[in-house]
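Two complexes, one shared chain (chain A), two partners (chain B, chain C).
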Partner chain A sequence: MLRSTIQRTVRLASRAKVGSGAVLVSSNLAALRSSPACMVSAFKYSTKIPPKLTAESYPNIERLPQYKKLTQEDLSFFQSIMSESEILQATADEDLALFNEDWMRKYKGQSKLVLRPKTVEQISQILRYCNDQKLAVVPQGGNTGLVGGSVPVFDEIVLSLNQLNKIRDFDPVSGVLKCDAGVILENADSYLAENGYIFPLDLGAKGSCHVGGVVATNAGGLRLLRYGSLHGTVLGLEVVMPNGESMNSMHALRKDNTGYDLKQMFIGSEGTIGIITGVSILTPPRPKAINVSFLGVDSYEAVQKVFVKAKQELSEILSAFEFMDLNSQKLAKHHLKDVIHPLEDEYPFYVLIETSGSNKEHDDVKLETFLEKAMEDGTVLDGVVAQDETELRNLWQWREMIPESSQAGGGVYKYDVSLPLKDLYSLVEAANDRLAEKDLLSETDSSKPVISAVGYGHVGDGNLHLNVAVREYTKDVEKALEPFVYEYVSSKNGSISAEHGLGFQKKNYIGYSKNDQEIKMIKQLKSLYDPNAILNPYKYV
Partner chain B sequence: MLRSTIQRTVRLASRAKVGSGAVLVSSNLAALRSSPACMVSAFKYSTKIPPKLTAESYPNIERLPQYKKLTQEDLSFFQSIMSESEILQATADEDLALFNEDWMRKYKGQSKLVLRPKTVEQISQILRYCNDQKLAVVPQGGNTGLVGGSVPVFDEIVLSLNQLNKIRDFDPVSGVLKCDAGVILENADSYLAENGYIFPLDLGAKGSCHVGGVVATNAGGLRLLRYGSLHGTVLGLEVVMPNGESMNSMHALRKDNTGYDLKQMFIGSEGTIGIITGVSILTPPRPKAINVSFLGVDSYEAVQKVFVKAKQELSEILSAFEFMDLNSQKLAKHHLKDVIHPLEDEYPFYVLIETSGSNKEHDDVKLETFLEKAMEDGTVLDGVVAQDETELRNLWQWREMIPESSQAGGGVYKYDVSLPLKDLYSLVEAANDRLAEKDLLSETDSSKPVISAVGYGHVGDGNLHLNVAVREYTKDVEKALEPFVYEYVSSKNGSISAEHGLGFQKKNYIGYSKNDQEIKMIKQLKSLYDPNAILNPYKYV
Partner chain C sequence: MSKSLRILVPVKRVIDYAIKPRINKAGTGVEKTGVKFSMNPFDDIAVEEAVRIKESHKKLVENIHAVSIGPAKAQDILRTALAKGADTCTLIDAKETELEPLAVAKILKQVVTKQNANLIILGKQSIDDDCNNTGQMLAGLLNWPQATNAAKVEVDEASMTVRVTREIDGGEETISAPLPLVITTDLRLNQPRYATLPNLMKAKKKPMEKLTLSDFSDVSTEPRLKVLKVEEPATRAAGIKVASVDELIEKLKAAKAI
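Entry: the complex of A and B
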């Protein structure tokens, strides 16, 4: 029985013939801003339409008068501690757009000054000066964030970490990597690959985002299911506080119970209480074998059943468990056009499973056994297993192309939420019901603004991406979705931002995920560490 | 080649005939205080010698006058919010020793009042009252700590969590467990076992220690190598703050990027800034197969080589990597007398490797392949693999009996430190050199106070246990070791407390592991959350 089932999946994989030239979203992302420091004109944003000034898009948000405006004297100070090449000033021809605009081009600040220090000591001097002078500062890593957290809102000084980018140390016995915050994630991972290790986090923007930035935003990404969150893997941080003091906690120890674990506060703090300048992180051995399987199931119930089975059978080698609904695949099919979908028939839900382990043969057997059982008992209705690297990437694309496909019909409202697993998909159903009720939804009738609300995401992490694909952005759709989506997530004790953070976009919605006591304590910490509120103002909390 | 090597290891295992009645240390620990709430007279301490009052042992530490002394009025208040059975008072015959003494019997407080609330609301009322009245409070879990952190120093009120002990919720799909802080670790694990899951932390005291206690002390234990630290696995906490406010952050989400991760501050805070009343934690599927191998190698260099190989070959199934030096095994042999050591010849170092995975057959092959390679290239000189559960436990005992064996000759000075892996064993050599230099050391000459300084511990976690086995405690030995050991650890950027915490014992040594800036920030947080310093005074920082 085993052989025949597996042969069937193999045959299906071959039949699928995926891989005929479609582009992976992650590759797109990786290519973005690969050298923001160079300010190359070939720089690619996610859209060609330049953003309006944030100050114009959000006229109700005003520049706070407590912040000093930049003077010639301030510039002279910065020139006294940094070289010419480390200071970029706006001119008539140069509005510093690369540093003022986020890559989604939703926001645009008006900073006149970008500082690109090369040493921690410089950062310390800059912050001490800005704190004394009440000059607002926006720390910026790779500037790949999705919530407007890394660009100025008004005239804040941009402090870019992109010239603080050295690997400091690697211990091949313990796997502990120490590096500057400005090291690009992909560079860190390539360095580790040479040593047989892997960075315990991966994400689409790896070609541009910084190690310091992923820590500052507590990025989740694709390896969380396997290697856990940064709160567990980061062993030490070096942070310059708003008053210029440096907290050197670059520890390399897995166990250290001497005092509160201070570094934890800065993981996910989005540059609001300190600037991360160095990261010490535990890296695991690089897996030798990777398998990917793409399955069709008939309900969200079945998705959950497959997840439980996968945890039991694949256990220590399970490294990704993604689900997609039928509508998301319809959009992707429409977008990918000539590429044949991995599964011949349509199913209400699809599951992508990835395993990674140290022994290919063992992993194959585990995956085969798991699939055989799941197909025999009817939980899984059909499936394919990638036979090589190309097929593997092609299976992934049916998951990874969804964001782009959702946008292709005109636009997309995106929500990145966490929900208890049993409720994960109910938000998509509720959103569709609501949009239908308001008569805004039709897959075919182009007079309706909404094409469909699709759901997909990291089941293994309880992380749903709700994408509402629209023909055009309208106030009616916006009103139907917000605060409805946030209220729904809140009613299920979910998180309105699973991995993207709060930034500028979600600053005012924190109350949907955190209670009054938590918000009070968050504000308390902000006041404690940044009493003049010079760091990343108008954002987070 | 594979078969013959493996047959050899199997043969060796059989020859070893371990398991003839020796007692596992972990079983001893587990039996301790299994129902502290009952105050049974059969309660077992680690020694029969009752401790002196801490106030007598440390006459230079004085009761701070800022704390109010308990009055009849205070008692009346507590009686108004709690039932008779929830309040224990000292009497002429009952000095509340079970709550005043730590289980090592090194410390003894003089509390006259133990409160054992059954609800979070009661805890909130108690703390609000104590904060207003400046009554000092010691939170107490299973009271199995090793640094005197869970018992009063003077007359602090003991707030025991042992009646707040309900499992609140378990989601068999996500594996998220929510429970009261007072649930005994072993009970939580047994509950999870019934559902096919495992608590991601295990330690000797599991039969007595509380889930809330292990979180409050950031316990490391035996599963850290595999499942990571509590900073990664704890998803939510409920904490009553010193002013009585409750921080309800019982989230069950793997991803939630909305604000600073407040719960992290309380993991490892040892009851100094809040009392943990509820824990939400992600639990992994229970492994189906466990293997244990015991190896002999000729140097600490070789131990490190075997570790790197084990990470590469055993990778995702490696769940423990322990090392022991020859002297530690000599002490254990002397103590276990009739039990035959697993390896016939003596080796300078021994390694215990445990794997746990989802497929016994695969794990066996991985372990065999690994051992074959390691023996063929001469890194491992000899080794055995346990063939069944009994042999498995018997191999573990040669690691687990070391603490008891170290003490058997008269006494032991124990240090629990973290060091960079390459320096891990150098501390043991340095300690032996120093003791020899001072002419305090002889294995055979009973006129010398020290028998030997032995080293063993969790290589996988960079965690060394240095045990200095002595015939008697003398001022000379103490002076030779302290602050020498702490200075040595500090010079290598290690931690003077890897997993035991600071408590009362190491309060004054934090400066060896944390710099001035870190200590300042730790004190800042203490003042922020507990401005009246009512929680767990005279400890931590």
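Entry: the complex of A and C
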């Protein structure tokens, strides 16, 4: 069959060039939608300047003396419970960059030791030992986080879950999946696909990120509109606590009204009170018919109008509603080079609508009726509808490639915020005004640090991504944006983190979204379960 | 004879190329229920090329007519062809009958005569049976010149000839032929456009002629080939990891590879 050899629209040659051999896999169109390899290539190569040590970039943050420094005895202990392949040590020519640097190459820790256990029992032994010895630990999944939460700040031990990666059990009747925390999201989804089910969460980094990681950070992603947040879909967790005890609620009941729902505490805890080692999650049947439409509209008001109409006309089949501004598409065009943009003319805003249902004919009729009405009354100015799978994937590319495109010029400041829908886009305008006012912004003049401030996101969830694409990371830009962005969001009663978490980047700004009482109770929980504060220090709490 | 081009684009409905086909339980063919179907990608390229010729030779092209032989649902891909720029179309409902290339070519020959077409652009092959026969057979039946595996098509209005650059082993070959002509398309010819909303709406109003196989009763649709068995290729054995170069050499020697 010729299927595998046809590469029709998206030619990835430009990207394949910069990548390593493994990255070339992404030139296979079938792997494109998920683009895990693209993510890797961006991670490793697209930023021009290697990151400075976090300790140097933030000299006001000091290593806490309460944590012990790693000794030979500690190593001997780890060697006694783990095999050689499970322990990685820094050497003169190997600084463990893959584990010390974050995806955006903004932060760099100095860990000398990475532990990659294969069993939950080992994790339990490691934590018990570290707790006794007061060794700080950073739990790490796929290391695709965007707020520096998954990398060490100083010399914390990295505990990587990437070798704890087995599917444990799947029940084809209830659709409940039980798996290890280190299973890569895409692998979990492919496994479910074979059984006619789908993982209720999807995001750009799915080729690298772990199931445990998305739960620990309460990731949102592209399917939240349809399937809801992980607080609803996760049915049980297995968590190893800092004292080495394991909390297991993997029994996976849909209804269990017997007091405190402890698992919820760990969803979004960012590895600060326990390490998630197993997840049981309710998965919905895989939709049989998927349609994607890409539309051009003339204002943010029109985006909202289309959204209201889409909810009314498409109701139960609407599975994604994403918006993008013109600048984000300009960056993507620059990055994707010869790929033809779906719409011939430029529009101030673009909308991507996805429907998923069980009957193609029904869905087609619904989508057609909706689009016709929206075209006729002038809310939608132009648009295209994918006619086959390839087109469908290519349309998604124009949304999913924005993060990578924003980063390609040198670096990116990312803000992921929740705002009331009517104010959603005003933040992007305010950020642009501020950067222009400080004379930091120019699309063409390379002496200015900022290339463009772009906005896109999940309208369905009131979630905006503000990406400030820069030529290099500078203090001037950071000072112009922070705490400005957080103050702005707070003044509109939004959240400073909709789905990325707080991690290292936003830890000082928690007060903009949580009140004093909430913060006090969070701190109480932390000191109760992690009294020696060995888990993921210098971040979040 | 006034100069004009009447382009015929035959298109086929096949399992979407991004979907991995699975063999049915009986081992007699590919599983078709619950699977997404789309236009054969090579035919999509053929439609695009016809539309581009029309756009660059506005006065010359009188009509682009798409035709599909297949189940009733093939009208979906005809609508796509209309939305992408074809003017009219014909659906020849063959129900579930699978036609071999010769039968397809014979039916198309009659369509060519009826439409008075003088340029036929079609995919070099369809990705379901991968035959790569229909274009050549059709040219033979019509006794027209053929330019297969086209990577570039240039129409010269003055002489009413067409220059076609073909992809061949080791390079390119450029040939020129007078009309009427059959062209089969290769992948690099163009990048098909998206179907835009206004065009999808217009496509609904464009005419679709509906025929059935009985309208071509003089063409035998009896298969000349019998499918004995359809099998998945054998899965490759998993590789092994070696710890050192020495071990690698040892293994290669054991396997008599060096």
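Keep this in mind: the second predicted complex is superposed on the first by the 444 of 541 C-alpha atoms of A that agree within 3 Å, B and C clash if a C-alpha of one lies under 4 Å from a C-alpha of the other, contacts with A are read in each partner's own complex, and residues count from 1 in each chain.
Heads up, the rule we're going with is that a contact is a pair of C-beta atoms (placed from the backbone, for glycine too) under 8 Å apart; a residue touches a chain by one contact, two chains touch by 3 or more.
Computed from a prediction, not measured in an experiment: that's the story for all the values here.
Novice: Is A:V385 in contact with chain B, with chain C, with both, or with neither (first, second, both, neither)?
Specialist: second
Novice: In the superposed model, which partner reaches more residues of chain A, chain B or chain C?
Specialist: B
Novice: Does the superposition put A:P59 against chain B (first), chain C (second), both, or neither?
Specialist: Neither partner.
Novice: Between chain B and chain C, whom does A:L528 touch in the aligned arrangement: first, second, both, or neither?
Specialist: The first partner, chain B, only.
Novice: Jot down the residues of chain A that show up as touching in both complexes, chain B in one and chain C in the other.
Specialist: none
Novice: Which residues of chain C touch chain A in the complex?
Specialist: 16-21, 34, 36, 38-39, 41, 44, 80, 83, 125, 127, 130, 187, 191-198, 200-201
Novice: Given the complex with chain C, which residues does chain A contribute to the contact?
Specialist: Answer in residue numbers: 1-3, 6-9, 29-30, 288-289, 293-295, 340, 342-343, 360, 368, 371-372, 375, 380, 382-391, 393, 395.
Novice: Once bound in the complex, which stretches of chain B touch chain A?
Specialist: 171-175, 196, 217-218, 220, 224, 228-229, 231-233, 245-249, 251-262, 264-265, 267-269, 273, 284-285, 287, 304, 307-308, 311-317, 357-359, 362, 365-366, 418-422, 458, 460-463, 493-502, 506, 510, 513-515, 517-519, 521-522, 524-525, 528, 540-541
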